[in-house]
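Following: one structure in structure tokens, then a few remarks.
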């Protein structure tokens, strides 16, 4: 998977929002250490979490499975625009069938699990789907035999409060392995100076 | 698919909410024709749509595909609790493999499209998955080769404003066939006296 | 203030939603002790808080100040229909001016603080407003001199997850005294068998 | 009133989000005319309104009344951090009482309506409040006699979809005059190249 940060709100906007409440603008250091401490104190420790909503991140996420998408979409205080199978399955039409053991090649379209039986089953499904599409079946019918390992992409906008909740639940050891991995990549992709807001929410990486 | 209405708010609660604004409680007929006309006038015609949010419906939806679930979950002003593949795939373990042309039997687990090639491809995927599970592979790995036609169930809570939006977008002829069908079943499952609030939003059924 | 519960979802709907995930319907006792323990375990302890969203409460709240309304309206995962000053200020027109020390009479329109200076200042403002309205000034202009102690009413729909958040923040000793009091009345108005879901969130009453 | 745009998402982020669905990135002109037409077509005409949610604006709004704030806060798909009367009323303590007809001076703290009786009533309330505060009454008690014309400030974050809804409802001739005025100032403060997304939603200014 590949995660890119396309846009984010600078910390000083959040600090300004907090200073609106107490009218303490004169104490600002424009997104510096004082402002950072303020955001953590008010947004995290004082549970005035709505102030964190002014920080908004737009990520571009590539190469995750539609299995993962099922879980990600349950987080509803976000905005997501997802690659549509209804409109893009034609991408398979002009391809050769995949060799059932050529995982490297299939990885262009599938998230691999490392379990050969599962990955081969996905490749078989991919080949069946390709054949069906080549016969001119409409995407809306063909997509029903799509395996959930099929790769998708999305542009995802989420504020810091909602992202804290996402990272806490989805980096947990009891979460699906792929979404644990996404959680860590999201964290790593955040601007360095924003990461401190999420550090207590994210579980340590598994070896 | 099968849709059941598990709970809903009576119309008079919404009428009471509207009458709160103008303090016109004495004009109520306790959910009768006057109240119904009021809800339509204020909630729909006057665009005071937040008043419709007091009407909340909880549906139980069975036998829809995970392809449909991908679309349904994009509607974010709802609450959904979904049958978890992570916890329930074991249901396949004690079954015999499915005959690749026995659609009737496979329908217990799959949403059929009526296109034999697609449906057979789904059955093949189901059999591959079953074999993988029988070997003791964990659900979190095995589920990646699940076909999107796999049937799921959910308890879904949605208010009338959000349901209007859902029905307008998803009963449209340009929507996925299965979610068009769900839209009509949701409408048909609504209490008779609530249906008038949604009639202008829902497209006519396709023959 | 006066709080009435107009409608609520029964606990078994929430239990059913949770049992959807694991398909454990056969273990239900239809909203009894087993189901109650399940809801607490999954919704609270396991942090699967979205399952609590299926429980929806509609309250009718009377006799709170517009000062309190300013705070209540910040809780955005709720639906509220509020008595409109733009449409109802005429209620003052046919009244006699209030004696500045007759708090009992003024209480029909004002939330009293117990501080005589503050309460008298509110009565003065009420009398000024009344005079202005009697001269035919439109509500949209007149309402700008309304004191925030002016009483209002609302129909308020909120789910259990959002209500937990409300009660935790607003029953706290550091919250505004009037909203602390509302928090306790909301809790007391909940159906007895629902209260256990909120007990850990609500602060003890102040003497 | 004074409205400043503190931060906004560039149009190309939204165009990228839309192009994610169809994988049409090669047709982008990086936020130019083609991208602008795409956003309008998909987000507005095709009713794929969730794509507009990627555009997020943070405004700083100064000098609006708490009467207006009551209405603004009903728009719940936004984030707002508001000047707290609980913490900032001390600002009145060190001031001289206001002359009841010196509107110019009182305008520092009050939104004036142009109706002398109303504005004088607000000044009287302001003086009463000031006196009460000077005697050491706590803000939490004193604020109950605050007039709704009292000026406040807020940092307000809202996405384009929610802002469209706000402008449509609040620029209408039937809306409160002050919020009509705010709607037009918000529109005028938007980046020039974003305004086309809102033009059909906003009512013409009143003379």
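Residue numbering begins at 1 within each chain, and the chains themselves are lettered A, B, C and D in the order written.
Heads up, the rule we're going with is that a residue touches a chain if its C-beta (ideal position, glycine included) is under 8 Å from a C-beta of that chain, and two chains touch if they have at least 3 such contacts.
This is a predicted model, so every value here is computed, not measured.
Taking the options B-D, A-D or C-D in turn, the interface that duplicates A-B in more than half of its contact pairs by residue number is C-D. The interface holding more C-beta pairs in contact, when A-C is weighed against B-C, is B-C. Chain B and chain C have Cα centroids lying 31 Å from one another.
Annotation: 25 Å between the Cα-based centres of chain C and chain D. Chain A and chain C, compared by their mean Cα positions, are separated by 36 Å. Contact of a single residue of chain B with at least two other chains is seen at positions 50, 74, 80, 82.
Chain A makes touch with chain B in their complex at residues 65-67, 69-70, 73-74, 76-78, 80, 82, 86, 111, 113-115, 117-119, 121-122, 124-125, 128-129, 131-132, 135, 137, 140-149, 176-177.
Chain contact summary for the complex, chain B toward chain C: residues 6-7, 9-10, 13, 16-18, 20-23, 50-51, 53-54, 56, 58, 60, 79-84, 87-88, 91, 153-155, 157, 159. Residues of chain D touching chain B in their complex: 47, 50, 74, 168-169.
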